[in-house]
Amino acid sequence: MNSLIKYISENYSNIIFLTWEHILIVLIALFFAIMIGVPIGIFITKYENLAKKVINIANIFMTIPSIALFGIMLPLLSPFNLGLGKVPAVIALVLYSQLPIIRNTYVAIKNVNPAIVDAAKGTGLSRWRLLKEIEAPLAIPVIIAGVRTASVMSIGITAIAAYIGAGGLGVLIDQGISRYYTEMVVTGAIMVSILAIFVDGFMAALERISTPKGVILGRKLGK
Amino acid sequence: MIVNFLGKVKKFIVFVIFVLIGVYLEKIGFFDYITDPYEYPYILRLLKQHVVMVAVSMSLATITGVVVGIILTRPKFSKFSGIVMYIVGLGQTIPSLAVLALSLSVLGIGFKPAVFALYIYSVLPIARNTLAGILSVPPEIKDAAKGTGLSNMRILFEIEIPYSMSVIITGFRVALVINIGTAALGYIIGAGGLGELIFTGISLMDTKMLLAGAIPATLLALFGDFLCELASFILVPKGLRTSSKTN
Amino acid sequence: MIRYENVRKVYTGKNEDVVALKDVTLNIDRGSLVVLLGPSGCGKTTLLRLTNRLEKLTSGKILVKDDDINKFNEVKLRQSMGYVIQQIGLFPNKTIKENVGIVPKLLGWSKKRIDDRVDELLDMVNLDPATYRNRYPVELSGGQQQRVGVVRALGADPDILLMDEPFGAIDPINREQIQNVFLKLQEKLKKTIVFVSHDIHEAIKMGDKIAIFREGQLLQYDIPMDLLTKPENRFVSDFVGADRALKVLGLIRARDIVNKDYGKLVIQSDTPAEEALNNLTGNKKRFFIVLKNNKPIGYVDKQVLNYEKGRVENLAKPFSGHIEMMETLRDVLSLMLMSEGAFYPVVNENGDFIGTISYNDIQDKLVNIYKEDDD
């Protein structure tokens, strides 16, 4: 325990840097993942026949072990000098995040009761108003739940990406193991766990905040 | 008619991709590598290690996970279910690599620590899904069963478990896929497995070695996922089947 | 107010076209509640949805206040009409106040005006504004939600209301209540209402006129009484029900058949018994109705007058029941079937005697209605 604290206090700045690097990779990947996934999710609600296929493809990506995906991308991207480092990491993260994001977006929109949409249109809400005042508030919490899953997953995968040179907290684990430096390994493991738990809690809070009061009450009343 | 044509085009494209992949693999000497009599026993050994890691940890995880899940649904223990599930949820959030690394620090290197880490990581989805599945059985059905005169044991085995089969198998499937992926990391803490080929391939920039590990690992995961779909089909009673992927 | 001219709606499909409405021409007068009635698939809901352009016309015209609805911006058109559906469709993420006030808000009313209007509307349907305005739909029962759904449609005080089986999803007890509340409201507001229903009882109860549809065609368009007494074809008479004579009883009031020819049957309460008895035998009558201050208090016959002395008011035997002039014949018959009188006195709102009713009176009236049938 003491040696652990000693290690942390001595390497404080490096740890902070790696944490920051880790977060950066995840944030960039999430940004692209959302920009791609949410529109796809919205798109397939209009074209049901594509929905099943798209979700299946996304599911296949999620099944591939992350290190294997990194491995497969290496020969594909090395001609461009992008086989190692942050770029393949981000690409893999974006691919992995598609399933939770696309699926949740799709389900979120599908689950808005069609009677409510009909009542809204018949009452005189324009398409835009309908989206803004009714569909979006109801769908957003579910989409956030999907982003939450993707975030936590991404933090874990980024840790592994250290092995292909992407940096981040996985470096502590990798180097710690090579050097037989237990404190380093444990620090890496604990830091990345704390990061994951923190992000999960943060996104859970976001989910709660974005849920309209009427919906929260509904769940409480068991409807 | 247009749909038909598009379908054929799609199939053709997939076929072409497979051919291109095959050509590429041939070019880099992949097939020679894996059929080389010096190499392939080694590759098979690693594959075996990988499968054993997964099988052992999954068996232990399934037994304990399902049992714990069931116990938590019994009235005597239901007050623990909240806190246990919270801890389980927390555990699920922790990255797999971290679990491996912590297992290493406490238990050392080798096969057993890796299996332990895999076990911990796989118990959680199974336990959680078992709990959720059994709790989702509508109370009226249990009530009707009790009223008809079934004992609690019978209700468990003939009604609650079949009813939650679909959810439990989903939990198993999630755990399996993650397990196979994490087992590939087992190499890092000295447990061998296909990860050895992958990581070594990466350090040496040896594509054929890398792929000799990555492709089987991927196929293993896909195959495992497929087997679970099959199992779901066979084990879930006909009246309760729903589509799981768009849930 | 609303004119449908040769309205035709066809849904084009992969294999075949479905003709939802064949050629419908129908006029709805201002201030009247017209029920579009028929079995499922007959096109009644389609006609309703064509009115606010939720569906597009295949051919024909729909005019509201003499203007073709296609001339208007469709969103603005819908804001000018109220729309109530069976599944209610309250917005779950908005409070009751926000739900009811949505159209006024879209139209740019001031906050105060909206708040006042919401309170006024909630009050109209017996939902205490202070309690309900900040609640969420999920906290209300089905009947309460539907009432909110109705006043949401009334939000900006539109002249026209479109209602698609609005009370269908509510249990029968609450349904009757909300129908009554709605009828009272309509009496006050006199909106022009297009009301879709598949229930003949609801149609008779609610409608000023009923339009019966079948497989996209308008079969008959009449006031309820005429629909019941003069069905135009077999389908209509089957749909209306074999017991239509009994249904008619719900439409006729006591005052419509009261027999006012009672002149010689009445005596005042202060008449002494001997005089009454003499009158009875002299006029060859069997009884007298005793009136005090013009209110019937009972009857006297030979038996009573023979054996008692004093004023008739003290000797009168009470009737088994009084009938108020606004009661429906259904209730009148119900009373008659439960007791033994040969006839009953009919009174007005003040309790004053206006005439008598007997089984014969009822039968005479009804036979005359149906006599026209045979022509």
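Order of writing sets the labels: A, B and C. Residues in every chain begin at 1.
By our rule, a residue touches a chain if its C-beta (ideal position, glycine included) is under 8 Å from a C-beta of that chain, and two chains touch if they have at least 3 such contacts.
Since the model is a prediction, treat every value here as computed from it, not as a measurement.
Q: Taking each chain's centre as the average of its Cα atoms, which is closest to the average over all protein Cα atoms shown?
A: A
Q: With centres defined as the mean of C-alpha atoms, identify the chain lying farthest from chain C.
A: Between chain C and every other chain, the largest centroid distance is to B.
Q: Nearest whole angstrom, what separates the Cα centre of chain A from the Cα centre of chain C?
A: 59
Q: Can you give the whole-Å distance between the Cα centres of chain A and chain B?
A: Averaging C-alpha atoms per chain gives centres 20 Å apart.
Q: Quick one: chain B and chain C, Cα centre-to-centre, how many Å?
A: Roughly 65 Å, centre to centre.
Q: Going by the touch rule set out above, which residues of chain A reach two or more other chains?
A: Residues of chain A never touch two or more of the other chains.
Q: Quick one: in the complex, what on chain A touches chain C?
A: 113, 115-126, 129, 133-134, 137-138, 212-215, 217-218, 221, 223
Q: What does chain A use to touch chain B in their complex?
A: 51-52, 55-56, 59-60, 62-72, 74-75, 78, 103, 106-107, 152, 155-157, 159-160, 163-164, 170, 173-174, 176-177, 182, 185-186, 188-190, 192-193, 196-197, 200
Q: Taking the complex as given, what residues does chain B use to touch chain A?
A: Touch list, chain B to chain A: 28, 90, 93-99, 101-102, 104-105, 177, 180-182, 184-185, 188-189, 195, 198-199, 201-202, 205, 207, 210-211, 213-215, 217-218, 221-222, 225, 245-246.
Q: Please output the residues of chain C touching chain A within their complex, sorted ascending.
A: Per the touch definition, chain C meets chain A at residues 49, 52, 54, 75-83, 85, 87-95, 102-103, 106, 136-139, 149, 152-153, 162.
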